[in-house]
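By written order: A, B, C, D, E, F and G. Residues from 1 in each chain.
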Amino acid sequence: MSSEIDKILDGCINKVVLIKLKNHTTIRGNLQAFDQHMNLVLTEVEDITEKEVKNLNKIILRGDNILIVSPHEK
Amino acid sequence: MSSEIDKILDGCINKVVLIKLKNHTTIRGNLQAFDQHMNLVLTEVEDITEKEVKNLNKIILRGDNILIVSPHEK
Amino acid sequence: MSSEIDKILDGCINKVVLIKLKNHTTIRGNLQAFDQHMNLVLTEVEDITEKEVKNLNKIILRGDNILIVSPHEK
Amino acid sequence: MSSEIDKILDGCINKVVLIKLKNHTTIRGNLQAFDQHMNLVLTEVEDITEKEVKNLNKIILRGDNILIVSPHEK
Amino acid sequence: MSSEIDKILDGCINKVVLIKLKNHTTIRGNLQAFDQHMNLVLTEVEDITEKEVKNLNKIILRGDNILIVSPHEK
Amino acid sequence: MSSEIDKILDGCINKVVLIKLKNHTTIRGNLQAFDQHMNLVLTEVEDITEKEVKNLNKIILRGDNILIVSPHEK
Amino acid sequence: MSSEIDKILDGCINKVVLIKLKNHTTIRGNLQAFDQHMNLVLTEVEDITEKEVKNLNKIILRGDNILIVSPHEK
């Protein structure tokens, strides 16, 4: 990824990000690490696709499932 | 990407672009950065697929979801 | 792409091309640039899939959506 | 592609080939050029999927759509 | 994969991980090895997608099927 | 491909192979050549998916359509 | 593939493995060879997806169809 996109993901480290997946799932978690394939390590993950939030704790998410990553701002 | 296509995306930096995705979603946002995979960083993003516009704020969009990117001209 | 295919796309620069996409859309536009992934830059683009033509103006089309590119001859 | 497969495609240059696509379309055309991705340039192209033949003239066909290429022998 | 993501997978060696696949299957197993494609070697594997758990013993899982890998904490 | 798999395909040259495709088609033909993408050149090809066999003569089969290749033994 | 995963597949040579494919087929066979794409050569292959076992004898299985490979233990 370009250093520009790296920089933005770097700025999200230890912050909450919202992730929409290609399979229509939406998850929210605290970004711990990422690599050049957009594989992400997230903690305190919640699947918020439906009203009933499901806790997933810590995950490694394969980058090829991702549609968008969004810094979460309240 | 060819320097020609880079140049055109470069010309869209800080401007509004319209993006059609393979999943039939249409979004509009201000282009901040891109890389050689067509991963895009966008701000002030709106999902305008349906009449009711949804605000997405700032996002990183994975390039492999993209169908077309279009400079937005009123 | 082979220099042969490059040459043919080169010969279409500033000319109208017809493009059929994998998603069954047909578009027509003026070819401005292309790269080795068959990403195309097109101007005066029209979606002619249905009778009612939709204007798309200038677009960058990701090459992996393409089925065929055809020089448009009347 | 191996020089063996190159040689066979080379032998089809300026000859009619039959092409079955992954999307169940069958086309027939005169092979003008090919590259290492199996992108093909064809002239006098006809879509013969259905009884009613559709003329497509000259096309560049993206190789990743191809199922089989067959030298056309009457 | 980045050394960061390698480090997290390394920390899961000989521990139970939960894996959600793109095909909606959920499996649980003891991580023995992994590579740069996220291919995983797992032992004591159970398919826990449905209430009735199915034992799969030792498997090599191709990485391109993976949605998420999660360290399993009770 | 590993030299081991190359060796086995080499041993099938000028012999009949059975090929199952990802699209549920089964074809049978005489293997003439192959490359590192598993692109195959076959002669005397027959589509034997259904009871009514269809003759395809000589074809180049793109490797990414293949499920399995099997030496045909009566 | 990592030498670790290579080692495990190496340990399966001349032994029976169970393979689940992405297309929901399950086959069982004797592993003869493999390469870095997880292409496998198998002998005495049986399709055991349904109750009625189908014999496939010797096959080359393209690695991109694989979900899991499992050493078969009775």
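Going forward, a residue touches a chain if its C-beta (ideal position, glycine included) is under 8 Å from a C-beta of that chain, and two chains touch if they have at least 3 such contacts.
No experiment lies behind these values; they were computed from the predicted model shown.
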item	value
Starting at subunit A, fewest touch steps before arriving at subunit D	3
Turn needed to bring subunit F onto subunit G - CA fit, degrees, nearest 5	50
Where subunit E and subunit F are represented by their mean Cα positions, the distance between them in whole Å	34
Interchain centroid distance [CA atoms averaged], subunit A/subunit E, Å	19
For subunit B paired with subunit G, centre-to-centre distance based on mean C-alpha positions, whole Å	43
For subunit F, residues contacting two or more additional chains	64
Going round from subunit A, first to subunit E: chain order	A, E, G, F, D, C, B
List of subunit G residues in touch with subunit E within their complex	1-2, 4-5, 8-9, 22, 38, 63-64, 66-71, 73
Subunit D residues within the subunit C interface of the complex	21, 23, 32-37, 39, 41, 56-62, 64-65
